[in-house]
Amino acid sequence: MINLLNDYNKIAHKNIIDALIKYQDQPFVGYGKDDISANAVKLIKKELNNDSVDIHFIVGGTLTNKVALSSMLKNYEAIICCDSAHINVHETGAIEANGHKLLITPNKNGKVDPVEVKKIYLKHVDEHMVKPKVVYISNSTEFGTIYNKEELIALSNVCKELGLYLYLDGARLSTALTSKYNDLTMEDICKYTDMFYIGGAKIGLMFGEALVVVNDSLKQDFRYLIKNQGAMLSKGFLCGIQFETLFTNNLFYEIGKKENELAYILTNELIKLGIKLYCETETNQIFPVISKQLYEYIKTKILFEVWEDLVDEIVIRFVTGFDTTMEDINKALQVIKEFQNA
Amino acid sequence: MINLLNDYNKIAHKNIIDALIKYQDQPFVGYGKDDISANAVKLIKKELNNDSVDIHFIVGGTLTNKVALSSMLKNYEAIICCDSAHINVHETGAIEANGHKLLITPNKNGKVDPVEVKKIYLKHVDEHMVKPKVVYISNSTEFGTIYNKEELIALSNVCKELGLYLYLDGARLSTALTSKYNDLTMEDICKYTDMFYIGGAKIGLMFGEALVVVNDSLKQDFRYLIKNQGAMLSKGFLCGIQFETLFTNNLFYEIGKKENELAYILTNELIKLGIKLYCETETNQIFPVISKQLYEYIKTKILFEVWEDLVDEIVIRFVTGFDTTMEDINKALQVIKEFQNA
Amino acid sequence: MINLLNDYNKIAHKNIIDALIKYQDQPFVGYGKDDISANAVKLIKKELNNDSVDIHFIVGGTLTNKVALSSMLKNYEAIICCDSAHINVHETGAIEANGHKLLITPNKNGKVDPVEVKKIYLKHVDEHMVKPKVVYISNSTEFGTIYNKEELIALSNVCKELGLYLYLDGARLSTALTSKYNDLTMEDICKYTDMFYIGGAKIGLMFGEALVVVNDSLKQDFRYLIKNQGAMLSKGFLCGIQFETLFTNNLFYEIGKKENELAYILTNELIKLGIKLYCETETNQIFPVISKQLYEYIKTKILFEVWEDLVDEIVIRFVTGFDTTMEDINKALQVIKEFQNA
Amino acid sequence: MINLLNDYNKIAHKNIIDALIKYQDQPFVGYGKDDISANAVKLIKKELNNDSVDIHFIVGGTLTNKVALSSMLKNYEAIICCDSAHINVHETGAIEANGHKLLITPNKNGKVDPVEVKKIYLKHVDEHMVKPKVVYISNSTEFGTIYNKEELIALSNVCKELGLYLYLDGARLSTALTSKYNDLTMEDICKYTDMFYIGGAKIGLMFGEALVVVNDSLKQDFRYLIKNQGAMLSKGFLCGIQFETLFTNNLFYEIGKKENELAYILTNELIKLGIKLYCETETNQIFPVISKQLYEYIKTKILFEVWEDLVDEIVIRFVTGFDTTMEDINKALQVIKEFQNA
């Protein structure tokens, strides 16, 4: 099978496995208090060009979101996010299970519109309604789209104006920052948000997210919160080792860049083949809208996900991962051509 | 001031105060285990024509909703309700604070559409999304509209088909069941829902809701749940005394009927005066859409609530209560006429 | 039956019912924003000799504790209380349901020992354990005992030293402050705690607790929290009316004082009759330790609660209420004498 | 430094790293639905000699306990455990954060006494108190002690009698089952508990616990619960790969056995050197009680944990891990001898 299933279907990038082999005989203190974790933090801070942030490693995006959002909210406070947000659709009520309400605004190409943020805020006038407190965005989004600098600044400004925190879910931050459409830097992310995480599992780590606490008022007792949420790994050094590797020799950017480039090539070729796209390919996720017949043909030859059934047609998702090759792309295109020529 | 503010701005109906006076020297066991509470339960069961339900008295609608919904849900299960639902808008995240996610569907005249319920259900296919488990409706709704029998049966059927509970918030059940548009009986409510509550505070009680647990599978350990939620009143007999009074000599229906009738009269006269309504008056809530000038004029003469600012116009709410008189109605109309004639 | 069951078995003190009658025709704005509630707050502040506190009325002691403790705690922070604490034993996990851990210390005569507070604090050294944050006490305690000024100051001092909040559950604060052993004033309670509540239901109100927020850092958004917990009464003016009455003409103190005095008389007579007590009678709760035979004899003649079965003997509880009379006391004593003389 | 710090200070056992290398080029479906995970489940079921259990892999002991206990409890139900229980002391309120109360009984050598379970159960008589529902034990315990068959059966019997679930935290189940004092089999664990987990991180895995759901009534919707708690790993196959390795060629037992044997040797030699032990060494944890002088001497030469400061003496903990060698043991003993001979 040609594999365009997702960006987390292999154990890890070769460098990660090499690092595990390298460190296998070394003893570490537990719970992330080891030297390698400290070094990983140092490398990330350097990349952020910001020495004053706090960085915590957590296993899993949902758990990271639970920890992050709980650190910012009391139970009567709420999160503004768009309808397509991962926390709204694909976390099985994990955020509400922590006691927090989501206030939903329609997504614009996967993104939150600052004008809508303000509208929601202004509707919540007294203690009979929740008090909006956080805006949740992801970059890249669920549709693989990205925020440009202007958009992020606009959100940041509306948040500052209204006294809201801005939180960015960076499960796929690597592909966002290496998109050809991107004009944001890591430093910008740090500058315009109160907290964000750098996802690892989708760019070649076995697991691990680096949660960056930017806003000073949110730093206190963070390790207590992590432990309380069951999110403190005994062998925390595993995160340290992986993030040290990821932020050595630009691996974080190289993987993202490569994933995007293959996605652009695939996109261009699909368009040439007359395949429509559900939305523009800005990063490593491609959403072809195909006929049921084409779907039936390719599903036994290519691994991919079904995104949405539009009755007449079907939206599918191709994803390029750290190990996707030009050969995979060509083979996938070949399959589609076969169908078209049959 | 002419008082059309809401239906909970006086201490209580005269019969309630008389009952307090009558019972003032009698000692009662606590926590609702007294004889008067037992008698109140008996009277309500008779009204429901159903002896197998369990009935619990709770102070406050939000608290009753917290108890009721928590009895039906695990944290990964969710409530389907419409956007205008009280639990979505006006309970300050109280349901989410208990760990439950709301799945929102657009209201149709304040009501939940069974077709939308099924759509939402079908979208939630696996463990990466919450599992819909309860449909929440209110009758009468936030807009004073009511469910007719056909609509309630349709919802009940879709719930049974999909394995969902149907829960009815009856904060204003009295006015719903005595609406001139109504074709439902108390017995029907019992027949087509799994749980519902009969609100007291809006038809002349000081406070109190009677939560009726219809579905046998939801009855177990209910008093534990009530206490755990902080919802068990030490002087529980106060609820018993009030509900005994409410279900004696048809007071429950008489108050609702009277409130509705005055609302219809007011509505008709408003229409004659050329005042538009935001939605039809089916029960005791009337939503005139008025000019800013009229608003400015009447606000110093009539007590009422502002519902929504439409920029050019303003939606206000008049509510008739157990003690509203024909004189109040006439005076309010007079104020509007004064403005129009000025 | 002679009634020594508890201090919440009658509807309300005569003055309360008179107040309901007096105000029955007056309309009020809802949710405690009415003038009478404002006046009640003013009267209590005067009694506290403290104008800077915030006061909120809540229905029910457990609900008040839920609101109060949630206002002080994040989920990784914990409450230190003694084993006999109401929140530990008799609230069905209501505090834990809000996400908070209790750290238990053995009670000393129903009270928390400051030395033990410090011991517990010092054991909790890092993020693998909860962070102690609140000390919970009640006055009078579950055993009817009271804190004297020295004891309260000692607790206050240890809390300040360790950065802990001191919270006092005053379900029976009236009897505590009117005990013949008491040397504390309302002003002292305010001075030495961060938050406390003045219970109403056990001294003649139908219901209602006045939660006093002393510490400025805990005041923000309190009404949001109350609503989120389902603890905001629509007819909030009912609390205002009752507390206005309670703090008019010293009723708060008079009822407590009377309850205590009858309890002391009963205690003295019981001792004369050779009845042992489980603990000293400091307020309106009396804990006789009696033989099974005496228990069997009196249980059909006197209403009381069983406290603990000691196998050979049985601890029972007599409580004097706002309406207990000298005649009730004499009759109860007469019953015991009958048994002894038989 | 000689390393006797804990049993989770190295990346992983050689076989685990070899397995990662072996599978590195293979694509897997996510979230534990891959074939290797299925095979790991099959291997464990074979070991349990039980094909009807459900097995779920989760990352982290605290998170596993959160998932497991939440699957068994409503908020008004409680967990009985001993004072030294990991969930009581070392999980930072993680279980309470999920809404559950712990009922604490004094430990007997780290274990729960069934007589005490029954006492606690009998004290909880009505809805004013929590309803005990689960007994939590760990094997081996926090003190490295183990339950023998008779003890486990006694607990199982009391649980069945009282309608309680029995849950076993098996963070160190490997060393328990390979202790020279053990007479329990994996099959027994399955037979006498309702749910338990097999810990991986302390016997050579990078991470991972296998949660075994034995009781049929607890199986439903378990993956929803796992996701809701943030405990579903995207690269779930990592757990599958590791547990497949652990249950191949008896690795699970071999590591435990080796750890225990080295611990017994160390224990015997310590005793010969006149070192007292805080409790008997039944598995791989050793608790020497040493003088402050000895402590100061060895702390710069051996990595270990401080357990408790007894003022005059100090309890420390030595732990043997999968990679501890006879040489480590000898070197540690040598250090102590040096001190004694100085």
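Chains: A, B, C and D, in written order; residue numbering restarts at 1 for each.
Definition applied: contacts are C-beta pairs under 8 Å (C-beta built on N, C-alpha and C of every residue); 3 or more make two chains touch, one makes a residue touch a chain.
It should be emphasised that the depicted structure is a prediction, and the values quoted were computed from it without experimental measurement.
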Chains contacting each of chain A and chain B, listed by label: C, D
Between the pairs B-C and A-C, the one where more C-beta pairs touch: B-C
Relative to chain C, chain with the most remote C-alpha centre: A
Euclidean distance of C-alpha centroids - chain B vs chain C, Å: 34
Approximate Å spacing (C-alpha centroids) for the pair chain A, chain C: 51
Residue list for chain D, restricted to those that touch at least two other chains: 75-77, 91-93, 97, 99, 127-128, 130, 224, 227-228, 232
Contacting residues of chain B [partner chain A, same complex]: 75-78, 89-93, 96-102, 104, 127-130
For the chain B and chain D complex, residues of the former touching the latter: 31, 70, 74-77, 99, 127-128, 130-131, 221, 223-228, 232
Contact set on chain D toward chain A in their complex: 1, 3, 5-6, 8-12, 14, 17, 20-21, 23-30, 59-63, 65-66, 91-94, 97, 201-202, 206-207, 224, 227-235, 237-238, 241, 303
